[in-house]
Amino acid sequence: MYTETQIINNSNDELVINVGPQHPATHGVLHLVITLQGETIKKVEPHLGYIHRSIEKMCESLTYRQFICASSRMDYLSAHINNHACALTVEKGAQIEVPQRAQYIRVIMDELTRIASHELWWGAMAMDLGAFTPFFYAFREREVITEIMEETCGARLTMNYMVPGGVMTDIHPDFQKRVKEFIQLFKSKIDEYDDLVTNNIIFQNRTKGVGHLSKEDAISYGCTGAVARASGVSCDIRKLYPYDIYDKVTFNEILETAGDSFARYMIRMGEMRESIKIIEQLIDNIPEGDYQAKTKAVLKLPKGDFYTRVETARGELGVYIVSEGAATPYRIKFRSPGFSNLSALDQMARGGKIGDLMATMGTLDLVIPDIDR
Amino acid sequence: MYSLHAITHSIQDWLSARLSPVWVLMIESIIVIVLAIGLFAVLGLILVWLERKVAAHMQIRLGPNRVGPAGIFQTSADTLKLILKEGLTPDGADKFLFNFAPFVVMIVAMLALAPIAFANGFQIWDINIGVLYVSAISSLSVIGILIAGWASNNKYSLLGAMRSGAQIVSYELSAGLSILTIVVLTGSLQISDIVHAQQNGWWLFKGHIPVVIAFIIFIIAATAETNRAPFDLAEAESELTAGFHTEYSGMKFALFFLAEYINIFIVCAIGATLFLGGWMPFHIGDWAQFNHVMDYIPSSIWFFGKTFFLIFLIMWFRWTFPRLRVDQLLTLEWKYLLPISLFNLLLVTVIAIMNWHF
Amino acid sequence: MSTVPLTHILFVSTALFFTGMYGLFTRRNMITMLMSIELILNSVNINFVAFNKYLFPQKMDGIFFSIFIVTIAAAEAAVAIAIIINLYRTHKSIDVDDATELKW
Amino acid sequence: MDVKEIISEPQSKQQETFPGHVIPTQGGGIITSTIQDVINWARSNSLWPLTFATSCCGIEMMSVAPSKYDFSRFGFEVARASPRQADVIIVAGTIVQKMAPVLKRLYDQMADPKYVIAMGACAISGGPFFYNTYSVVKGADHVIPVDVYIPGCPPRPEALLHALITLQGKIKSGLTREQIKANPIQL
Amino acid sequence: MFIKEYISEIAKATKSLWTGMRLTGHYFVRPKTVITQQYPDNRDTLKMADRFRGEVIMPHDADNLHACTGCTACELACPNATIKVITKFELTPENKKKKALDTFVYHLDMCTLCGLCVDACPTGAIQMGQNFEHSVYDRSTLTKKLNKPGSKIREGVE
Amino acid sequence: MTNEAIKEFVFNVVPSATFDESGEFFTIQIDATEWKSLATLLRGVPYNFNYLFCVTCIDWKTHFTTVYHLTSTNHRRAIVVKAKVDRNDPLIETVSDIWKTAEFHEREVFDLFGVRFKNHPDLRRLILTDDFEGYPLRKDFEDAVNMIKL
Amino acid sequence: MDTSAIIFYAISAFTLAMGLMAVTSSKIFRSAIWLLLSLVGIAALYFWMQVEFIAAIQIIVYVGGIVVLIIFSIFLTQQAGTKMPKALLRRTIGSALAAFFGLAFSFNLINHYGFKSTGSQHFNASVSDVGTQMLSTTEHGYILPFEVVSMLLLSAMIGCIVIAIKPPQEHAEKIGTKPENVSSPEPEEEKVTENISEPLITTEV
Amino acid sequence: MGAFSLIVLTIAAIAFSAGGIMAGKLFTKGSKNAQKGQPYECGIPTETSPWHQFNVGYYLFALLFLIFDVEMVFMYPWAVVVKKMGITALFEIVIFIFILFMGFLYAHKKGALKWM
């Protein structure tokens, strides 16, 4: 059935192995066909589509309120940010003015999501490299975020909290208090992360100089997020094209120049700290007011096309809506960050060892449904 | 002072008084078989349970606690389930070797038990080349893994087997060299001699820093030889799914699983014997009163206590560190451990010859 | 062990020796030939130890000889396998017949 | 034959000869309930999952492992990467047409006895992707037989634990899927 | 010098490893840090957040009355047609034909728990329930009828 | 750099190009045949559009439009190029040699729309199975078995 | 015939059988495993003869070293699962006959000679005796061979390395190196990359 | 019990393993299907035989290991008597190790200890 996986061994000291779709290291159902010589990787060929859920086709028949719901299933780790991007696009098209309060809440939620996502990445990456305990420590803090989310949004993962024109409900009365508690907790725990993983000699040896991606390649492959920033490409949408209130907060765009797995790791660790900074700036200043703009019952976008870029935990997410003026989009395209980042995998992994591939994959932080859509 | 020594001797005497030597041998063999199998089963159950509990507490969780008090029957349930699970053989596998491999690892693990002194006088065979014998036998364990990896007809298995092959043979060297440091100090390979040489203090404390270095190297090498994280490349889950036992299921898999833990026990027992005095209670020089108090604790408890302490160390490693890459693993051995242990051995020799140790 | 005469041990080692010989003659594959040679060396070892033990129990030269034979066997195996693998790399074959025909 | 008959018939016949509770086994033989109970006890308490997750539900499945929910309390934590050693496959996430043969193969390659939990709306019915999608399999039970269904999108970790307890209940009862369908067991 | 570098390298490595071990050791000896909630045992004390979306429910009051008018707004709002509202025509006391709810079919097995239907409902007839223990052996039992048998619409709900 | 400058620059190479400034981004509309030469120019000096961040396609029932979103890491200006592709024989030149990311994106477009990219190094189905029939994101795609219409 | 004799014959039979299978098996990996078992059998023989030291050496060097090395070389060079080509029948028969006659001749010789000793004398080759004699510089000492052995091992090691290490350039071309950066073909490429390295300005959004 | 215990322990191991496997066979009947016997490769059918030449740089380590292994064999008798024999033995072994260490350094310099 799968003619694409029919592999012919032409040279006899090459070995072709499949990693995935069911493999603990591919974090889902990515299928990599790896050509090995000894244990040295000669070629990595990603095969996608094992979780292609035809979201783009489906969205063509969903209304602008409903399709946001589907978008949180793509990059479920940045569900809020995905929803945010969709909401922004619809707002841009329908020219809805979002109340300040909603913007603050959205940004706080985004940054919380980013921390949660990076925490999961951190644990899972350490697990890829064979350390199990970080996973548990990471989830300890992540659970706190999840609880905060659940309290306000009503769900733990696929919150569906952002709607065109604002957020679905107002924040929970305890929200600010709990977020502040979390910030305190997190600040004390992130040093533990450094003790356990960052400074660990084995970890450093396994990631430094591994999966190198040059700056030119990063741009040419369209990499975004931590992957591109680790190669020295400044590409934080929050800084370059600020949306909502990102232009009002001060934070640094973390840049590294090494371009290897360790640089990508350090970028994400730095981003968590920056996110904390952003939340700290916002959490006490949420203005009073509406949390949702008044919108029509049936949203319709004018004819034309609308493109929004936001920075998810994985990089730049683009939502491209082509509207014909109906209540449903004519065509939707999600430009997912993982898709482009994945295309650079071959470049990064070539010449490395299988163990290096795991380090590279781990620091790429792929979410496969995001790539397949 | 009570010891198992007396019990074994009384059994021996009782039997020899009544039966002909052949029968005595037979009955003794049966006793040994039953004891060995029992030890295997109990050790397997306890060690797996212990590991899960240790892991859980390091990971701020509880670990098994629903099957029996504190989950102590968890591993029994697991074992029973594994026994009752279908043990399938892949079609493409070399069927004979595939089924033969678990036996090899089991036999190797069992044979290595022979010279271990579990308590004062409680030893199956006090072989005169004791530690050499153990390192010889444990060098066999790689064979089982190679057979298993090859016979499975699976790429992951084969890669895993080759990795562990290179790894185990490499680390045998530094393990052997650190064993040699103690041999130099005691001048005997026999386990009982080594234990008795530590009557006035364990080598770890008597032998200055070189012995401590040797001890550390031994622990590292033991971890590597038993394919434990951070050296568990043979079954590197995130790279090679389950490594050399990817295709094994049911009881055959359980045997590999068990053999891994038994091997840990054996290397730790050897480590405890060499560096921590085996069943020898904690003695300080010729401070007779203190030593006498210590003697009241049975020797078997001393032995198991020390062994389990080392096992705990190895578990601690596993739940803390990331896995090494294959080349780093080999570099660690060939660039660091081997030269250091060679040099260290010479240092210990000087100490031994000069009688600088206590 | 008194009931087993020396000759029986010698029979075993001789049989092993000729088993190795047979392998050496029939096999055309270098690795299997190497394996046959190991068998032959081993049979000699048995003899050394047995002679030492049965005939000259007060000396230990047989033991020493077998130790040195083991050493030499190891060195020989190491070098041989290095050669075999190198040969394989250049010729993609480790058949002796192929190796003799090709210049290398 | 009607499923109810399968259950009722041998029971009524055998009850007279055997003192214990008698259950027919798959192979046709009959084992008295005590041995069977012990076997089922072992099986139900040692469910090793396959590390199989396709999408969002997989994250909640992962959340069951860490400290807060800690499925190791049930002895589930020995997650195996190889289907040969796994007992239960938790279908966590959407199954698409391309994945279906893979899932089938994984299930086929597992050693008996094996169990399946369908986690989340997608695995039960296609869930959010039921309509207007061309690539989603409408429920994992079209591909492999499923023992326990947990609705939710995604189900919370407690719900997965509940499903595992439910599965344990099923294994302890020793009944097959059809038998349970015919007369549902009470937990 | 080579040797000095060699040794300092080893020392640094050992230190970093020890730091990690100290951390795990730290947690190992402190059982208080264990944060496990023992799910089936804590069922009585387990309280979901009140906004938690576990399933869609239709509250009925003591007289077996609900607030659903059968307007199908929820059905339209649902992104994947989880809800099927079957309506019938009832005769009002004034002998006028009035649309009323016959069966409110809810496919729990398909619901994404997004809450859009609750948002859309003009009368607040449906809510998100907090129950999450839905595991079943048989998929067909997940298709639910939310209005209780014999239930009627509450007076005064339009 | 202004829209006018780009307009002129493009106009010199592709006289048939039309422009659209109404949307968020400056849009160039061209025909499929001119795309490759335009792309080469845009990538080169002076504009250096080195970052192709989105490639997609729209099925207008009468024709396809492949949409390229370009930006430059130097001057941070995004433009959109829309190339009209014949629906019956969808063929357009690949740009994967100019932007490496295009290789994957073009494969995806090929997979879902059936637009063939000339000289693409490895034009195979990326997401769907090899034996999948039809191109699902086309508006006339029908799949009676799997696609349950609401 | 006592227990010890029975054990001896059992071990011998095992060793011989495995040896025979090692040289006749048509699957090379199995052949290696039979060889391994045969070597283990020989080690058992040494244990039976109570020369434990030699037995341990046998296991460490032969089984743990040489056979592992052989298995590795099988992995490296062979389609290990496939059957090896059958040897020519002529050659098989010839070798079998030669071996058989050799065997018969030697048996005859051994029988004829009839060694007298039955091993009644106590024989003790403890490791310390071995060590003492090995290191002693007296007439019966083996110190010279001992040191020469190190030279032998040294030369073997160097030989292995020289033979096994491929010349670097050949090596580089065999193992997958990083591909050349697939750069855009147009001539302006160089300037473009220069542009990239300029400080990034964020104007005109 | 002497060397006889080795036989006894071997029997014990075989009994233990075989007993377990037999017990499993007795109680569990596995189902059969076409996929079950196929090698597991992450859910994708395996195309090429894994019994294929491997080109892994490990074997050089195995070669070196063999040499050092033999060296260790000589060191055991030495270690036993070194305390008795004193400085001469130390001297002898220093020469012995030194010569081998030369080889080790050579290997290091040639890059043999780097993994290919």
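The first chain written gets the first letter, and so on, giving A, B, C, D, E, F, G and H; residue counts start at 1 in each chain.
Note that a residue touches a chain if its C-beta (ideal position, glycine included) is under 8 Å from a C-beta of that chain, and two chains touch if they have at least 3 such contacts.
Quantities reported herein were computed from a predicted structural model and do not represent experimental measurements.
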Hop count on the shortest chain-contact route linking chain C and chain E comes to 3
Based on the averaged CA atom positions, which chain is farthest from chain F?
C
So which has more C-beta pairs touching, B-D or C-H?
B-D
Expressed in whole Å, how far the mean CA point of chain D lies from that of chain E is 22
Chain centre separation in whole Å, for chain G relative to chain A (CA means):
52
Nearest whole angstrom, what separates the Cα centre of chain F from the Cα centre of chain G?
61
Rounded Å distance, chain E centre to chain H centre (Cα mean):
54
At least two partner chains per residue is the criterion; list those residues in chain C.
67, 70-71, 74-75, 77-78, 81-82, 85
Listed in rising order, chain H residues that touch 2 or more other chains are 3-4, 6, 27-30, 36, 38, 40-46, 49-56, 58-59, 62-67, 69-70, 72-74, 76, 79-82, 84, 104, 116
Specify, in ascending order, the residues of chain D that touch 2 or more different other chains.
39, 66-68, 70, 73, 81-84, 98, 102, 106, 111-113, 128-136, 153, 156
Within their complex, state which residues of chain A touch chain E.
62, 65-67, 69-70, 133, 140, 143, 147, 150-155, 158, 160, 168-169, 172, 192, 195-197, 199-202
Per the touch rule above, chain D residues touching chain A in the complex are 50-56, 58-60, 62-63, 65-68, 81, 83, 93-94, 96, 98-99, 101-102, 106, 128-129, 131-136, 153-154, 156
Write out the stretch or stretches of chain E touching chain B in their complex.
10, 17, 20-21, 23-25, 27-28, 31, 33-36, 38
Residues of chain H touching chain C in the complex
59, 63, 66-67, 69-70, 73-74
Applying the document's contact rule, which stretches of chain B touch chain G when the two form their complex?
22, 25, 94, 96-97, 100, 127-129, 132-133, 135-137, 139-140, 142-143, 146-147, 150, 153, 158, 162, 165, 169, 172, 187-189
